[in-house]
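Structures are listed in the sections that come next.
After this come two complexes, each holding chain A, first together with chain B and then together with chain C.
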Partner chain A sequence: MSVISRPWNRLSLAGKIILPLFLLLIALTVLLLAGWQLGLIPAVIELLAEVVRSNIDIFRFILTATLTLLITIPVAFVIIYMEMKVIAFLAGRIGPNRVGPWGTLSSVFHGFKVLAKEDFTPTGADAAVFTVAPIITYLSSVLTLLVIPFAPGLVGLDMNIGLLYFFAVSGLTVVGLLTAGWSSFNKYSLLGGLRAAAQIVSYELPLLLAPVGIIMLAGTLSLNQIVIQQSGWFWDWYVFQQPIAFIVFFIAAAAEGNRTPFDLTEADSEIVAGFATEYSGMRFGFFFFAEYVNVFILSALTVVLFFGGWNAPIDPRPILEFFRIGSLTPAIDVSSMGIWLLWVLAIGVPLLVLLIALPLWLLKSGWSFLKSLVVAFVLFNVMAIAAVTIWAFLSFEVVVGLFWFIVKTFTFVFIFVWMRGTLPRVRIDQLMGFAWKWLVEIALLNVFVTAGAILLVQELARQ
Partner chain B sequence: MTTDRGTVRSLDDPNIWVDTPATIFDAVPPYPPRTEREAEFYHLRDGEMLLNLGPQHPSTHGVLRIVLKVDGERVTDLDPVLGYLHRGVEKICENGDWHHAISNCDPLEYVASMFSEAMPVLSAEKLLDLQIPRRAEYIRVLCWELNRIASHGLFIGWLALDLGGLTPLLYGFIERDRIVEMLASLTGQRMLFNYLRIGGVNRDLNHDFLSRLGDWMSKAAVELENETRLLNENEIFVRRTKGMGVLDRDTALRLCVTGPNLRAAGVPYDVRRAHPYSVYPELDFDIPTRDTGDSYARYLLRVDEIRESIRIIDQVLHEMPDGPIMAKIPRMIRIPPGRAFISVESPRGQYSCYAMSDGSDQPFRLRIHDPSYFTLQAVGHLMPGNLIADSMAIMASLDPVMGGVDK
Partner chain C sequence: MGLMSKVPGWGMAMGMVYTFKRFVQPKVTIQYPEERQDISPHHRGRLVLLYDEAGNLKCETCFQCAMACPIEIIDMGGVDTKNRMHVHWGPPEQYAERREESALRRSGRPVSDKAFAAWLPIDLGPLERILVANDYDPRRLLTVLEQSQATYGYLPVAALQHISHSTGAWYSEIYGIATSYPHLVFEPGRVAEIGLCRCAACSLAGGGKVRDALVEALGIDVGGVTPDGSVRFSAADCGGDNGGQPLVTLDGQRQPGMTPDKARDLAQKLRAKSAKAANA
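After this line comes the complex of A and B, so read on.
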């Protein structure tokens, strides 16, 4: 017994955790290979696939709902970090640089901080409404993610009334903000809630009217179809056919998301924190998250409607044809390898790590074999990730689409953040006047001009 | 849903039990009205609401509490409540000797404390009829002008912040920090310098200070340009400040408003020219004025004053004489009995002091006239009729500092 117990006792705590896990991993790999060769595992997979296939709607719902809710958290963290860092650079500061590399984890810890804070309900507040309001706000932001097409085929639900659904659900935000302001039993909150109601209801109009021209051009309300219609080169994007609509839409989107220069609902120098004055803990966190998710969603919608969604700005097909390259699909078709893929992973990976480690160990005389092994493992992982990314980029349309979508969306997120760092806040009467005296009229004019142009083109085509 | 009645102690008087927490939020005093004005103010007509602003509010510039009577978002009336920062500085000064009064007067004007600490110093010198060395005078002027720039730079930032701009505040603070660090290397303190002495100044200029100053002077004008470029022609900023909070010439004079707020209304009154002190008569500088008297004029005027201060610093550095920095006076001074009135031009206006001495080593009385207190009177004239958002911007453009108001 002592043969095993002595080395075991010498291990550190981390070693005592890692070693069993390592052994378990080896055992599982052996079991997996054996099971596959014996034909047990394919049978189980087939059975599970059958269950999923017969209940596809339920599984799809659960998967979509979970993903939609889960994706908001990293997105919000990334945008919060981006905002802190970008505004810091604009103001000549360094910004967060303590938690994690370059402070990247600081927004995560902001999230933990919010969770750890006291959840406080002020005396006199309407407790039930006070609790429900942040949930309404959060959900009405998050649920709109359902219809946004992230990549070809990667859309929660391709509704034929997608745009209508988007505006209907995001319009519910105002209910959450107004009830939050009302139920807090605080005058600043009430003012903030009323401001939110007035502002969001006013800017809903130009926000809805601006894409009407696009709906007429595309002939559909489905966001997926609108993106597909913009495929090709970047001059096929709707922003070049509807530039005025884009400007109106972007201004209205900034107001709809309560972003500077339209952040009157939480104007800290006037009404403390607006509707969120009395909120603390995770209830405040919901408002906070909803705001940043809203920024992402509005940027995503701008991209989908005006900037071609997941379409790449250049069309690679003519270029490939010019150079007489048939297709960029790599020679190795991984899906057809079957069980051999598993063997390659089980034997090829350790071999490759050893192959990288050996020259390191031989050439770097100061390094122990373990150190060169660790370095080789890290290097191998970096190379593997790069290889898999390139392979996925070449093989799957989804990855390419997602890449372009994220790039374009975060460009607009950056513009929102930039605006916040640069502009002062407008006044409530200037805000309302701008919506009703300018934006609505321009949007309506745009609708009429677009309709006239479409009719004219049709008439000319008929002759 | 409301809580039980009679369960909350009043914030003003712990012996009184207030009906509901709403009474606190409503800012209604728990006692019957003491004056007619109070009775009129706290009588609410239909649709009106009292909004308690401060003493803990992000944009009241200190611990000012204002009870606003609002109709929707429009301010119809207001009732300022002072005294949250009252420390009895004037009385404390009477209990220490004249040297203690310098550091006691420091935190009165905590944004530009080089001016408030000059009060006992200049009074004592006037009572002693003391001629201080010329080098000390030049160093004082240098410090005053640097402090004026620091204060005005901060003003630009705070005005922008109260209008919702985040970045100009940081630009203002960067400028202020450079100057404050510079003064810290001269005086040893960043904020409350305690540098002036009766008969001169505490320490002579050192190498660290001068190298920092030269560094800063070489790019001060460019930095100011960078700082103000974000605001000067910004459409939102101009629309929020132009024509807002117009303090006209007669009202300003009637309310004893001095300093940049008065000059923005078109009155070229500057103590440095009207009642010259120190070496200001020998220096060449202009008194910028504006005619409109609105928030934008007050902003532009302060930017102009920063330029003039840079000009003054330039001249001071060129004409700085050699010599001692302290007059030859004993460490323990008995100030001859008498009365003296002195005033300096602080970034907020005429900072005056009426000092009485009974011949002992302690001031018999130091009556300090703080310009912020009189500026604050204008708030009552300018705020009603505006939206809450504009009221904040107007108060920021008047630039009061509560430390001197409550003393």
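After this line comes the complex of A and C, so read on.
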């Protein structure tokens, strides 16, 4: 064995990682070539494709569920970072700037911190329920992502009762919070859970009643259809037809997401953390995550319902027609290029790098040629990425749609954070009174007025 | 604004506008180790006196801080290294004023203090004549100081300050010179001088025991002045003629028949006289 073990021990750590990978690569290449030659691999691919094709619904479900779960992690990290940074900026500070470039990794390290902490269950707590409660809260947030249309065609499940599903699933949050408060075996947690339940149940009402006007206008509960109905210029968005509904919805969404000024359920600045008092480690992390995913989802729903979802604010078609450009086809057909593609890749890239490097070398007299080459290579990469992005933006409406959706959604996330950085917390009686005495009535009035207006317009159209 | 403030949510909106202004404004944070605040070169932070590990004040009243102070804000008085309470920086009359004032405020009566006399203002005429004679030359400080002492009988702080101001020599320099020569004193009043011969003959005759007794009684060794400034303990020379006894002089006069006990009595008597004079 020493024939192998001695040189192996002499390898550095990087070598110990790279060498097996390298051997694996060689083995895989040999296997692939052999398999291809023998006709095994095409057969296997064919079989797999057949399996996927015949069970498309199951595969779609697995893929969507996985993606939905996975997408929450970067989204939550980005929002946590954004919250730290934006609140710092609002307060005249700089905010996190030590971990990673501009402190971008600090939220990730917060996640690691939560993972590394002790996962503690208090004596007397109902351990099973205590464990399940954060999962319920988290899932009730995450599962709503399924019906949100991110871009044309990029929707987990285009249900015809999408909005109903959304509210039904997000209503499960109450169950999670109540079980968390109850199972902690702590009167403060129980009171916190009850308060949270009272708040969320109260604000569910205006949150549900506000989009009723939109449902009547759109004639559908499918979120995808609602977005399609708002296509065109930005004045086609429902916010201009339903401004009161938007205000009611936004306030209710802030309360539903436990955001300032309605963050009584887990008021950060107070000593007892409501229903989450007894939680630590990753179980607390799930509550924390769910809160930030909730912010994203509520912003996304606001955008979908009132701000045209993935629709661009301007309609490019009339402008293009005005300039007589006609249909724009910037897509490059790679398959038709044949061997020239290879030439472009092999010669074009070094040539372009040289072209960028030469003026740098000539103009910046202090630079060595190698340095200008390196800088030119970096510049070339940046330009290439930018070019590919622009090409994708122009060619695929999915990218365009995703761009506008993300921009709009994060605008609302910013507004939520902005509110948190500005407004003080309300009292519990003010909170409940505001929901029952004002928001519900306004939302109901909006429903009746919208219904009357629709009838009036139909009546006028009939004559 | 009066009308707008009636609109629900107006105050919240104004608050949001206010924070957004903060959002786009430059940030106040200074990234300390990388950036430093633009501080005036004259800034020295808050002045504090430091203590060493044993809890003793590290300040030796060298006045370097007072001299370096560009706006002359440091005004200090304290006990010098030889425990003689006459160290002071700053105008004497001002200090005297304040001292009396604070004494009145604390105890209701002005406190007369012997050591305090050293800070009192003096007639600078004779000193000015000495300085003119020495051409205001800081290199002749020792001469100036000796002549001043000959004129005033001691070195008043006001005289030292005037010398410092008119010759340009640092006060700490003058003070250092004055303290390093035992014949220069800072207190008014006569200084009794006990001399002791330390030659081999006197030592054989019991000079060591006399010296021990004097050291014990005076608290200083040969070449020093007692903390109260009453006795100077210096070396004398018997010139080989000690008559079989250790030679002790008092103000240059031989004191024959000196034993350790007698020497102790003499020293204590001298010190007691000085103390009585101080209390009067």
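Throughout what follows, the second predicted complex is superposed on the first by the 363 of 463 C-alpha atoms of A that agree within 3 Å, B and C clash if a C-alpha of one lies under 4 Å from a C-alpha of the other, contacts with A are read in each partner's own complex, and residues count from 1 in each chain.
To be clear about the criterion, a residue touches a chain if its C-beta (ideal position, glycine included) is under 8 Å from a C-beta of that chain, and two chains touch if they have at least 3 such contacts.
Computed from a predicted structure; not experimentally measured.
Of the two partner chains, neither chain B nor chain C is touched by A:S140.
When both complexes are overlaid on chain A, the residue A:Q430 reaches chain B alone and has no touch with chain C.
Once the two complexes are overlaid on the shared chain, A:S222 sits clear of chain B and of chain C alike. Legend: residue contacts after superposition of the two complexes on their common chain; A:S372 is shown touching neither chain B nor chain C. In the superposition on chain A, contact is made by A:M419 with chain C only, not with chain B. Comparing chain B with chain C, the partner in contact with more residues of chain A is B. In the superposed model, A:I94 makes contact with chain C only, not with chain B.
Look at A:V86: by the touch rule set out above, it reaches chain C but stays clear of chain B. With the contact threshold set out at the top, residues 90-93, 421-423 of chain A are in contact with chain B in one structure and with chain C in the other. Every residue of chain C that touches chain A in the complex is listed here, in rising order: 12, 15-16, 18-20, 22-23, 25, 27-29, 31. Interface residues of chain B facing chain A in the complex, by the touch rule stated above, are 1-3, 20-22, 25, 49, 51-52, 57-59, 73, 160-167, 169-171, 174, 230-231, 234, 236-237, 239-240, 387-390, 392.
Within the complex formed with chain C, the residues of chain A that make contact are 86, 89-94, 97, 418-419, 421-423. Against chain B, the residues of chain A that register as touching in their complex are 87, 90-93, 123-127, 185-188, 191, 195, 260-261, 263-264, 267-272, 420-430.
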